[in-house]
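Below are two complexes that have chain A in common, paired first with chain B and then with chain C.
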Partner chain A sequence: MDLLDFARGPALTFAGAVFVLGTLWRLSGVLLLPRLRDLSPPREGAPAPWRGALGTVLRRMWPRREFLDRTMFSTVNSYVFHIGLAVTVFGLAPHILFIRNFSGLSWPALPSNVVFAVGVITLVSLFAALARRLTHPVLKLLSHTGDYLSWALTTLPVLTGLLATAHLGARYETLLALHILSIAAFLIWFPFGKLMHAFLFVFSRGATGVRFSHRGVKA
Partner chain B sequence: MSQARLLGEVLRERGVSRRAFLKYAGYMASLMALPPSAAGAMAEGLAKARRQAVIWLSFQECTGCIESLTRSFSPSLEDLIFDFISLDYQHALQAASGEAAEEARRQSMRENKGKYIVIVDGSVPMGDGGVYSTVAGHTNQAILAETIADAAAVVAVGTCAAFGGLPEADPNPTGAVPISQLVGDKPLINIPGCPPMPQAMAGTLLHILSFGKLPELDHLHRPRAFFGENIHDRCYRRPFYERGLFAKAFDDEGAREGWCLYELGCKGPVTYNACASLKWNGGVSFPIQSGHGCIGCSEPRFWDRGGLYRALPTGTSDVRKVIGIAAVAGVALGAGAAALARRRSAATRDAAAAPPAKTPSPQE
Partner chain C sequence: MSTAAAKSPAFDQQGTQSDAQRVDAAMRSFVREFGVTAALHMESCVRCGMCAEACHFHVATGEAKYTPVYKLELFRRAYFREASPFAPLVRLLGLVKPPSIGELQQWQELIYGSCTVCGRCTMICPMGIDIAELVKEARHGMFKAGLIPERLALMDRAAQQWGSTATPGEDLPDILREVSEEHGVEIPCDLDSAEMLVTAAPAELGDHTKALAAAAKVLNRAGIRWTMHQGGFDAANIGFNNGDLELQERLTRSIIDTAIKIGANTVLLPECGHAYGAARWEAAKWYGQALPVRIIHMTEFLDEMLAAGRIKVKPIGQSATFHDPCQIVRRGGLEAAARRVVAALGFELIELKDHGIAGYCCGGGGGVVSNVRATPLRHKVFEIKRAQIDATGAERFVTSCGQCRITLEQGAKQARWTKPVESLLELVADNLAD
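Moving on, here comes the complex of A and B:
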């Protein structure tokens, strides 16, 4: 069994199983936790809990005006690499094939060259995020190994994917194998680090929104 | 049997002009991506060479490889076999049979000791003492060992000989192995393909004849001249791949428009061969041009790589069962963790609600 066969076979199967197990473990563990009941009556004019939750989820997509100057770079840069990741993951034909293989879902692909260009921008943006994390005194203090691992395992698939597309550095089958292995590593780490925010951000913001909107606060 | 006379003399006697000979050498040199100056060197080398003794062994194979070579449009079978090499033993082509054929092989081995080339097509069965394929009462393994003992080089043609091919595919009932596992330190060239391209077989032999050495090989012992680039890079459908236009079925609009066959399982991106540049049948076409994706036949284990029609970026195994089990296990673990948390929470609440325990006063 060569590297590509290993990547396409046992590695992907194992990574997929860990990803699904870990993600559902954490999600069900959080969602089934006992909730503290707020026995106080809601503030007059307070929205329904679901509207309060939705409002907070949406409002926190952009920083408040008073914080905008200080957070402008990280906000914009985060949007760049998040949208870039979405375009590269869901826009490239091979990725759609990969997703269709286990989900049955499919949609039209973007031109490969467009996705390649977006991938390059995404990679630059990810390195900019790392540079900020390494140079910002507070952010640097707050960062730990798990954060850098999350960054590395997000960046590696982008980097190896670009190299495979451009046929740079090694033979295509080797680069493709490394790309798939990097995705496998990403999937394995996903449920256990901060990458899980992809699922949890809605629930955490929503819970905050419910709590605060009950008191008439737009959080 | 091989002749002592030079090839140049033989060709002149047969009326082959120097111009035609140079043209032929130029064609072969360009096929092998050699520099223009190599055409002259190749012609000179060929003219001074003697007919090369070749013994062709056929083991677990389908005869497709020799069919491919004999149907090559140029150099033709006559050019190659009867002008440049002396094919002293070949099951499908030789007139002799039985013990006479085996004696022809032994005679060639004696007369050309240390100089002859052994071409092998087919894999060698090693299971159960090698009984699954025998010739003249001898196992393939024994014949190979005997024949290559005094050979100058071994050329494994076809994917069965080079990598095991179909006989070696899972579950490999005959214990088939590629020739590379049995030749020891003998110089080995693999020319895989199912079948291999005739230009690759002829060009490789001519390179040995002309320059007296093996051509440059890749890590799988394949001549770089023919296996240096992958199909995808030379495919005329590549622009459709770049534009994201893919045929979804063999009879849909995309297929009729000639779009990329990647989604239909084409293995062009991971297959190294010259099909897309040299093409087959005199440059007429090649599988992708005929509407079928590349099946990757010149790569090891191409039968066992998840199916010929499974797209390259997809996994090679059915993960649905594993994912289903993982999902159930994940929810169960999460529910268990939440239940424990609820129990702890209830215990804490009960402890807080309970009246404080009566503590004895100092007087008591």
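Moving on, here comes the complex of A and C:
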């Protein structure tokens, strides 16, 4: 078994299992905790809890105007690498093929040169995020080892993907194997660190939405 | 600063627990707080640091340690070691250290001295983490560990003994008689039966008696059958701020039980933010069911009385700006009600640059106004508000929380800024029309 076979086979299977089981474990471990019902009467005209939750989930997709000035870099840069990651993961034809193979779902691909360009922008944006984390006093204080690991394991698939596409640095098969292994590492780490926010954000925002909409506040 | 002052610890301790017992008490309490919402919020932080940009303490000083989510660091560690889905793994691998007594002691400055539980950080967080609520929950553990600022502990002890931080209940009739005579307004006390139980903030029984008289004028004009009562009269609920859950429950019960005893259908809360937080949103949890009485804030009451035509006001006809008290507006939902009352007074409202649910805190909520170590920090925060008020060019400055008024008045005095901080209630009472 060569490196590419290993990456495509046992490595990816193991990583997928850790990703699925770990994510389910963490989500259920939190969501099954006791829930204290709010017995106070809701504000007159308050929406149903699910509507309140949905409202906050959607509203937090963009920042409030009042906060934009002070958070401009983080806001813009976060949009860039999140959208960039979505475009590169879901827009490239080989990725869509891979997803179709295990899920049956598929959609039209974007031109590969467009995805490549977006990948480069994403990579630059991710390095900008790292530079800020390493230099901004607040981010330096807040950051844990896990945050840097999350950054590295998000960046590696982008970097290896670009190298593989550009046939730069090694044989294509080797680069592809490294790309798949970096994705496997990403999937293995996903349930344990902050990458889980990809799922948690809905519940976290939703919980605040329920609390505040009950009080008549559009949080 | 003298050498002695420089060496004095920046924290206080209460009780005779050993260090190990304090850590144990804090940890036990922390772990009890982690229901589904708290756990979701502990899990979801991506350390983006945006919350720092919403916090008046960080904005005023630029200091990283005032980043709201950093104020939860020990609470976070307790969560991941003891309550998270991977807690056994975290402990086994020693990934997160348990908080030490030294860390808990130093934490007092962040959890009590530089967080007003205003929740502006909650509004900026892209994950929607309600940081303010988590700080409040973390305070429960600090109280259990006997690690709260001594000034707050003193108020706690007074409230445990008297049911109020201001005065024993038995002195209430005398105080009300004096206020009644001074302001020429009837204030019923200890009636056996009334439709509304009216409560006060501690300052209204001391320096701010005009607010109490103003409430009486409005209530009498509206024709309400009301009373104040020794059984439950101070709504500020120091237990809510301090993290003393037993006291919070006792103070809450004293008010609700008194209301039920006299057959009241409504409890009227004073112009006090934390009173609203403690009673309106948290009282029912002590009873395990919906309360048989309605709880309303003074701003809601004024709004309803004006809308129903039970009181009328003469228009003042000047420009005014309004400070939104955090617990009443951002965490209370009364943004529109306050503005309707301002409009009824005929004010041309010029909004602060940051207002409504994104308004800046006065800097004194959550017990910070009573925390002497936080005084220099509060004064720095005052400059944010002062600059925004000055920028409006408004003739009058109005708010609807006595605690905010005290904080802002203290800031103004220190900054030699002369604009009076006016009470919405007092403005209504002073301008009642026939």
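Heads up, the rule we're going with is that the second predicted complex is superposed on the first by the 219 of 219 C-alpha atoms of A that agree within 3 Å, B and C clash if a C-alpha of one lies under 4 Å from a C-alpha of the other, contacts with A are read in each partner's own complex, and residues count from 1 in each chain.
Assume a contact is a pair of C-beta atoms (placed from the backbone, for glycine too) under 8 Å apart; a residue touches a chain by one contact, two chains touch by 3 or more.
Note that the coordinates shown come from a computational prediction; the quantities given were computed from them, not determined experimentally.
Peer 1: Of the two partner chains, chain B (first) and chain C (second), which one does A:F203 touch, if any: first, second, both, or neither?
Peer 2: So A:F203 only meets chain C here.
Peer 1: Which of the two partners, first being chain B and second being chain C, lies in contact with A:E66: first, second, both, or neither?
Peer 2: A:E66 contacts chain C only, not chain B.
Peer 1: Applying the document's definition of touch, where does A:L33 land relative to chain B and chain C: first, second, both, or neither?
Peer 2: Touch status of A:L33: both partners.
Peer 1: Is A:D5 touching anything from chain B or chain C once the two structures are fitted on A? First, second, both or neither.
Peer 2: In the superposition, A:D5 contacts chain B only.
Peer 1: Please work out whether A:W25 is in contact with chain B alone, chain C alone, both, or neither, and reply first, second, both or neither.
Peer 2: After superposition on chain A, A:W25 lies in contact with both partners, chain B and chain C.
Peer 1: Where does A:N101 make contact in the superposed view: on chain B (first), on chain C (second), on both, or on neither?
Peer 2: first
Peer 1: Look at A:A93 in the shared chain and tell me whether it touches chain B only, chain C only, both, or neither; answer first, second, both or neither.
Peer 2: A:A93: touches chain B, not chain C.
Peer 1: Contact-wise, after the overlay, does A:K140 reach chain B, chain C, both or neither (first, second, both, neither)?
Peer 2: second
Peer 1: Counting contacts the way the document defines them, which residues of chain A are shared by the two interfaces, the one with chain B and the one with chain C?
Peer 2: 25-26, 28-34.
Peer 1: Show me the residue ranges of chain C that touch chain A in the complex, using the header's touch definition.
Peer 2: Residues 34-37, 39-41, 43-50, 52-54, 58-59, 64-65, 67, 69-70, 84-86, 122-130, 133, 280-285, 287-291, 294, 330-335, 353-354, 357-358.
Peer 1: For a test of understanding, state which residues of chain A touch chain B in their complex under the given definition.
Peer 2: Residues 1-2, 4-5, 8-10, 12-13, 16-18, 20-34, 93-95, 97-98, 100-102, 108-113, 167, 172-173, 176, 180 of chain A touch chain B in their complex.
Peer 1: List the residues on chain B that touch chain A in their complex, please.
Peer 2: 230, 232-233, 241-244, 246, 262-263, 269-270, 300-301, 304-306, 311-317, 319-320, 322-323, 325-327, 329-331, 333-335, 337-339, 341-342, 345
Peer 1: Please output the residues of chain A touching chain C within their complex, sorted ascending.
Peer 2: 25-26, 28-36, 38-41, 43, 56-57, 60, 63-64, 66-67, 70-71, 74-75, 78, 136-144, 147, 192, 194, 196-197, 200-201, 203-209, 211-212, 215-219
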